[in-house]
Amino acid sequence: MFPKNAWYVACTPDEIADKPLGRKVCNESIVFYRGHEGRVAAVEDFCPHRGAPLSLGYVQNGQLVCGYHGLVMECNGKVAAMPNQRVQGFPAIRSFPVEERYGFIWVWPGDPKQASADLIPHLEWAQNPEWAYGGGLFHINCDYRLMVDNLMDLTHETYVHASSIGQKEIDEAPVTTKVDGQNVITSRFMEGVMPPPFWRAALRGNGLADDVPVDRWQICRFSPPSHVMIEVGVAHAGNGGYDAAPEHKAGSIVVDFITPETDTSIWYFWGMARNFKAQDAELTETIRAGQGKIFSEDLEMLERQQRNLLAHPERNLLKLNIDAGGVQSRRIIERIIAAEKQADDAVIARSAS
Amino acid sequence: MFPKNAWYVACTPDEIADKPLGRKVCNESIVFYRGHEGRVAAVEDFCPHRGAPLSLGYVQNGQLVCGYHGLVMECNGKVAAMPNQRVQGFPAIRSFPVEERYGFIWVWPGDPKQASADLIPHLEWAQNPEWAYGGGLFHINCDYRLMVDNLMDLTHETYVHASSIGQKEIDEAPVTTKVDGQNVITSRFMEGVMPPPFWRAALRGNGLADDVPVDRWQICRFSPPSHVMIEVGVAHAGNGGYDAAPEHKAGSIVVDFITPETDTSIWYFWGMARNFKAQDAELTETIRAGQGKIFSEDLEMLERQQRNLLAHPERNLLKLNIDAGGVQSRRIIERIIAAEKQADDAVIARSAS
Amino acid sequence: MFPKNAWYVACTPDEIADKPLGRKVCNESIVFYRGHEGRVAAVEDFCPHRGAPLSLGYVQNGQLVCGYHGLVMECNGKVAAMPNQRVQGFPAIRSFPVEERYGFIWVWPGDPKQASADLIPHLEWAQNPEWAYGGGLFHINCDYRLMVDNLMDLTHETYVHASSIGQKEIDEAPVTTKVDGQNVITSRFMEGVMPPPFWRAALRGNGLADDVPVDRWQICRFSPPSHVMIEVGVAHAGNGGYDAAPEHKAGSIVVDFITPETDTSIWYFWGMARNFKAQDAELTETIRAGQGKIFSEDLEMLERQQRNLLAHPERNLLKLNIDAGGVQSRRIIERIIAAEKQADDAVIARSAS
């Protein structure tokens, strides 16, 4: 169960640099590739000739060629040609709206007529040269909503990430959750705490003392279908915290694009954007490696939580104040899915009458 | 199908020395750990907050702490605390009666009210300093009753363990099976045979000649739910066999605790207890390594037998005289399961009326 | 769905040289072994005693001995003996008609009364000393008919095997398919083309120039249940092509025995027979290694095609002229399966009346 009429991150450009990429998104098997003039294209990963996966083929003259018997596929899902065949009557396959933006390939697995590139969220950090970004991709066997829960309740840092970003004060700081239209914002501010290892390193990376008390903030923003951007940072205590001048703080945005593969698996695109020392590629890589290590600590927890929930579908989980971010995000997701279903039913009713 | 109101071996102390252990017993996912004052505890491996496996957590001040968001669990399954939360209304999870005795952790997966530590079988060899014990653990994908069959019919030694404990005379010696209440005893005695390699080594280990005829015995004792203790040994021929004086023989008890994980998989705790040269740790390890190698020869047989039986549930297997030990053991198991079902039904009937 | 009353290649003699071989053919678990006087035998891989797989046993005095408790099985599926047991009343298991011929072990998984060794196809290349043969075995997770399709439409060589036997002219050459009783023949002839790498090597192997235009042929012959023999070769152009004298050409027969394991997996016996330099064992091995590498290129395609088709059972695939060989072969297979079903139903009706 996921919104289908939405933009999901499908892959990064490096994944389609050499050859087509077969990837399942929202239960749809899709092949992504660069077609005419290098424009990204996405069609079903199913050759209408004999059902071969088109992702085992190659691109020639901007067209995808099936690697089994040479059927040539257009980026709109229509068959362009096949050696020694007349292809006018060949059935088409689905093509998917796809856009390349901000260093990601975005796909719209639902109704193409509703797809508009304007609906891709604006990512200031991805286009402003004062920001640097590094990230990665994990495949995790869990419902995408478990990852939304995870990111909208950072108290887990104290336990899952105790040696890097966790600290006892996270548990103790009050958390505030508010819903703003289709967005959910969960915030937590800690004052006068000692920075944990990851943030000490970030302070040093920004040329700041790492052994003094800081004010720390975490502002998690969910937006549909399943994107979570988290403003995080520390400032030397007493300089205004989140609002401190740049010379007193080290801050960044944790970037999370959670793309359902199936009902119980995800492609998780994680990363971090920062607006200090943006040109320092070595620092970007150091942060990326550190974040990758930290985020990998969630994998076993999420996969085993998923198995537990599948084994006990009858159990009601708790919805505490710390869970409010996840709970509110799930409500928005549910409303969107319900609205999509209602619209689909209306179409069916119209076509039946 | 297994008795639930019974003590099963769940694990050994070394498995919970450093951190909690998640293990499924009789289809119940359980976390085992040392709680207050080092006492072993066992609760469901399911955090009532969000369904995370508690076995990924840690023990603090004798309490199990969930490794996801810090919920603190008591050993009785009630929530003790959670950072910044009032937990009085939190649902409890199941706790399981658990005992540490004889170097094993025992769990009672059924009705706690019926659990009494007195029902744990008495194991003389486990507490008498004249005995030494060494053993190990295998995970095998088979119904626990296939392993009971295996151990209650040692003719398989001739075939599966031909190079160590098998010998032709096992097949030829008559076997006697008798039922004594809830116990089944299957015995076989061989007189004036040459000892096979494992027993030649044991004779040497006990300072006895290994190249002379011996009287050999195998006395298999099944007790519910699925424990099999096997007295085995050899004595220089003509000294009374099983009843020979200690200076003429080498004997031991093969220890088998078979704990169902699911309907088609088991945790198999195997070992050997001996009452000669009990202080010789090196000999214990030599025997343990040898037994481990021999017992591993059964794994493929049991797993492929299981697959064959699952593929042909309609086939009736033979019940020969050599199978009497397993057949009688299964009857006792079936009676216990039927009695448990009857008692459960009675409870349901009472609560419905 | 496969014909059951047919000879399938089960294994090669080397696979049963040292010990029995357990292999599933057409959903039947069978153990193959050498029995009395070295004659190959095949019975169910299921001991009637306790369901152990007989393939874990051994052969003694021409009889299969169960490796669990020593039951002795005759090659007709009747129990011959068991230590200390009277076996007259023991149930028999199925035995399967089996023949060793042409360097293969053939099995008939259907009604034994209909099995006749005369129905094994005649393979001239397998018994004529002027021919040499080399081959191998792959396990592939696909319906056997997908492999028939693959071999009856060699246009895939241009794409899947582009670096060895593929060439653009295959696509462009017209293909002819005809049905001859229960056989299907698909032919393609190319004139005056440059030989691709595999054939250049074959020309050199036969002492012929490899850098001149050749006439190339491909004649695929399907025969039930799922054998495909493909005459392939090249002759220096202008010497009569397929009919050229031996000194102008290099030709061979691609040998394909496709044995269903289950509905979606196969044992694929592939090889090549040639009638030039038949005594050159090194050349045989070079060709075998090359063919193995080329044929392994089909595996991922077939397995992922299978997964695609399982995910979309509702889709109709195209049946183009190039697919005619596979389409006609499938029709013959379907007719045979339908006839078997009709005969089975008639038997059931007779026994019910």
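In this document, chain identifiers A, B and C correspond to the written order of the chains, with residue numbering beginning at 1 in each.
Following the convention adopted for this analysis, a contact is a pair of C-beta atoms (placed from the backbone, for glycine too) under 8 Å apart; a residue touches a chain by one contact, two chains touch by 3 or more.
Predicted, not measured: the structure shown is a model, and the values here were computed from it.
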TODO: Using just the Cα atoms, superpose subunit A onto subunit C and tell me the rotation angle to the nearest 5°.
DONE: 120
- [ ] Would you mind working out whether subunit B and subunit C touch using mostly the same residue numbers, over half shared, or mostly different ones?
- [x] different
Task: Whole-Å separation of chain centres (CA-atom averages), subunit B against subunit C - done: 48
Task: Residues within subunit B bordering two or more other chains - done: none
Task: Residue ranges of subunit B touching subunit A (in the complex, touch as defined) - done: 29, 45-46, 48-53, 56-57, 65-70, 82-85, 90-91
Task: subunit C-facing residues of subunit B, complex - done: 149, 153, 155-156, 158-160, 171-172, 174, 300-301, 304-305, 308-309, 311-312, 315, 317-318, 320-323
